[in-house]
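The following blocks contain the structures, represented as structure tokens.
Each of the two complexes below includes chain A, the first together with chain B, the second together with chain C.
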Partner chain A sequence: MLTIKQFASIPAGTDLTALYRARVGDYPKFFKMDTACKLGFLLAEELADEPRFTPREDRAVLMFSTHGCLCNDRHYEETVQDFPSPSLFVYTLPNIITGEIAIRNKYAGETSAYVLERFDPAVFAGLVEQAFQDVVTASALCGWVDCRADDDYTAFAFLVERDGDGKAFNTENIYGILDQ
Partner chain B sequence: MESLINEIKLKLIDALNLDGMTPEDIDNDAPLFGDEGLGLDSIDVLELIVLLERNYGIRLASPQEGKKVFQSVAVMADYVAANRTK
Partner chain C sequence: MKKVICMGESILSPLGETVTENFEAVLRGESALQLHAGTFGVKEPFVGSLMDRARWQVSGLSFFDSIVVEAARRAVEATGIDPASPRTAFVLSSIKGNIEHIGTQDVTLAASARKLVDAFGNPNPPVVVSNACISGLAALLQGRRMLLGGGLDHVVVVGAEVQSRFIVTGFQSLKALSEAPCKPFDAHRDGLNLGEAAAAVVLGFGEEGWELVDGAVRNDANHISGPSRTGEGSYKALRYVLRHIAPEELAFVNVHGTSTLYNDEMESIAIDRAGLIDVPVNALKGYFGHTMGAAGILESILSMRAVDAGIVLPTRGFTELGVSRPVKVSAEAGVTDRKAFVKLLSGFGGVNGALLFRKGGPTC
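After this line comes the complex of A and B, so read on.
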């Protein structure tokens, strides 16, 4: 059975730079990231293991959204008429969120990015469960990072593990945690 | 030289979309690339080449030259001061 080890969320309108400076502060690459990546990165920092940066292959990273990287796509599109910005272009794929998290934390397990029509806890839980079908994955960082604009987003993540002590990772408990 | 260094830092922040970063966050002598300094990568070199050309009229002859020029903000500023055409 999959269980919830930890949960983290970032309210819309949060000053992400201030949050980074308060909680992290030593990863200048943060400033290069688009808003969606910053959200995923900061959620992963909240849910990171101690000691930090221990390489592990049994941790999957799965990120979900409706808008993918549309917010950054718009910023990139604005540059196309003049000089198409390479530094913005690299963030025009939604799966870069999982890559940034995996690189920072040395997670070498499965990484997946899903773009869904809407948030549905049953679909969310089902797709996370699928990631545990192999014999390697023991835990997963799975989040909903839906960035509609730089100051308008929904961002939360669960750290889910196999047979842990926490609540079951199911639709009812996902709703229960999100409603708090 | 200090004002040129600060100007280059501001242009770096703008060109590389380093949203939220301030000039004070960038050490003059810290490496621009790799995990030790600003954390830039090979994609960002293109932005830096365009930055030099547009703002200072400098065209780098080869990528090897870029490796030397883009070591740090201080090195960039020295190079700009010696080679700028505008």
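After this line comes the complex of A and C, so read on.
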């Protein structure tokens, strides 16, 4: 059974730079990231467990959204006519958020990005559970980071593990945590 | 454990409208890669493999959504399954979907997935896998997992990509495109070509036919736009699927083979590290270009067809080995009596994937 080890969320309107300075401060690559990646990165910082920065293959990173990287896509599109920006283009992939988290934390396991029509706890929990069919995966950082605009987003994530001490990772408990 | 098998397939590409047409075009050494000047309003010319939009665009749907629905329809019809059944689900694979219409319509992949399931009256929430260049492979793996997760009899996995100013200028800005048809694993390779295609596979349970044995996705945890110098993630993904099979049983490894300097070198290292240095290797980008969200599905289907015909497909564009490890790249068509292969892909975000396919027969 999958259980919830930890939960983190970032309310819309949060000053992400201030949050970065308060909680991280030593990872300047943060400033190159688009908003979705910043949100994923900061959620992963909140959920990171000890020992940190040790390469591990048993931790998956699974990120979900409706809008993917659309917010950054708009920024890139604005540059296309005159001087297409390579630094913006690399963020026009919905899975870059998983890559940024993997690089920072040395998570060398599965990384996957999914797009769904809406957040549905049953669908979300089902897809996460299916990812654990990979026998190497012992835990997963799984999040909903839906960035509609740079100042309009939903961002939360769970650290889920096999057979831990926490509450079951199921629809009821996901609702319970999100309603708090 | 029940076996997940491929029940029906389809490919729409510039080389053909059926799997057989595409397979035969590859056997004849054809390619639709050609120089495009002014296409999509892109200032610099580029070499790409583009579809005939007038042939495929359906009224009321974008070109992208049209080929997604049509590829799915053809795969479904090849099997006779009920696409409207609550025990059938859809998985869509794409990287950029309708991005050419940004600013004028809802270009989210979620909106495209809705059009796909609505076209078949399917009641289940569609799942989009958008995992950079390994999306198609990851979508097939996702389909397998959904079946094994229970409650479903069939999963229709569709992958597609259409090209646009958005994508072409992006790859140009990264200096990733070749000005000539690409040369996978070759000493003179200098970049990739972009391509358009749609491909679909219907997955279900069965004993006979092509089994999707297992798959894995692993991250390099190294760099967002460059592969690991040691092939770390690709090696780990290969190692995972090789738990099920001996290298001597593999007809070939169908690699990503984008023809960028770093990708092909990285794959050669991963293949060597995984103990596959004596297994034939081939790449299909020289026929279709890099079809992004379609690639994992299109290249898997053609690899199945090749094994069925006892053939190792040639690597169009390859003449002289240009990677550090002595991988056995198939320059010409080869023969094989082996009944399994590995599909390998890697992509931005440091992501890598491997899938193992095996044809019929007793399991080990």
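Operating definition for what follows: the second predicted complex is superposed on the first by the 180 of 180 C-alpha atoms of A that agree within 3 Å, B and C clash if a C-alpha of one lies under 4 Å from a C-alpha of the other, contacts with A are read in each partner's own complex, and residues count from 1 in each chain.
As a working rule, contacts are C-beta pairs under 8 Å (C-beta built on N, C-alpha and C of every residue); 3 or more make two chains touch, one makes a residue touch a chain.
Everything numeric here is computed off the predicted structure, so don't read it as measured data.
Legend: residue contacts after superposition of the two complexes on their common chain; A:Ala138 is shown touching neither chain B nor chain C.
In the superposed model, A:Phe31 lies in contact with chain B only, and not with chain C. Applying the stated contact rule after C-alpha superposition, one finds that A:Pro86 touches each of chain B and chain C.
Once chain A of one complex is fitted onto chain A of the other, the partner contacts of A:Leu16 are limited to chain B, with no touch recorded for chain C.
Looking at the superposed arrangement, the partner reaching more residues of chain A, out of chain B and chain C, is C.
By the touch criterion defined above, A:Leu178 lies against neither chain B nor chain C after alignment on the C-alpha atoms of chain A.
In the superposition on chain A, the residues of chain A contacting both chain B and chain C are 85-86, 89-90. Residues 95-96, 99, 102-103, 107-110, 113-114, 125-132, 138, 142, 145-146, 148-149, 165-166, 169-174, 216-225, 232-233, 236, 240, 347-351 of chain C touch chain A in their complex. On the side of chain A, the complex with chain C involves touching residues 55, 57, 61, 66-68, 70, 73-74, 76-77, 80, 84-86, 89-90, 92-96, 98-100, 102-103, 105-117, 120, 123, 126-127, 129-131, 133-134, 136.
Residues of chain B touching chain A in their complex: 15-21, 25, 35, 37-40, 43-44, 46-47, 50. For chain A in complex with chain B, the touching residues are 16-17, 20, 27-29, 31-32, 75, 83, 85-90.
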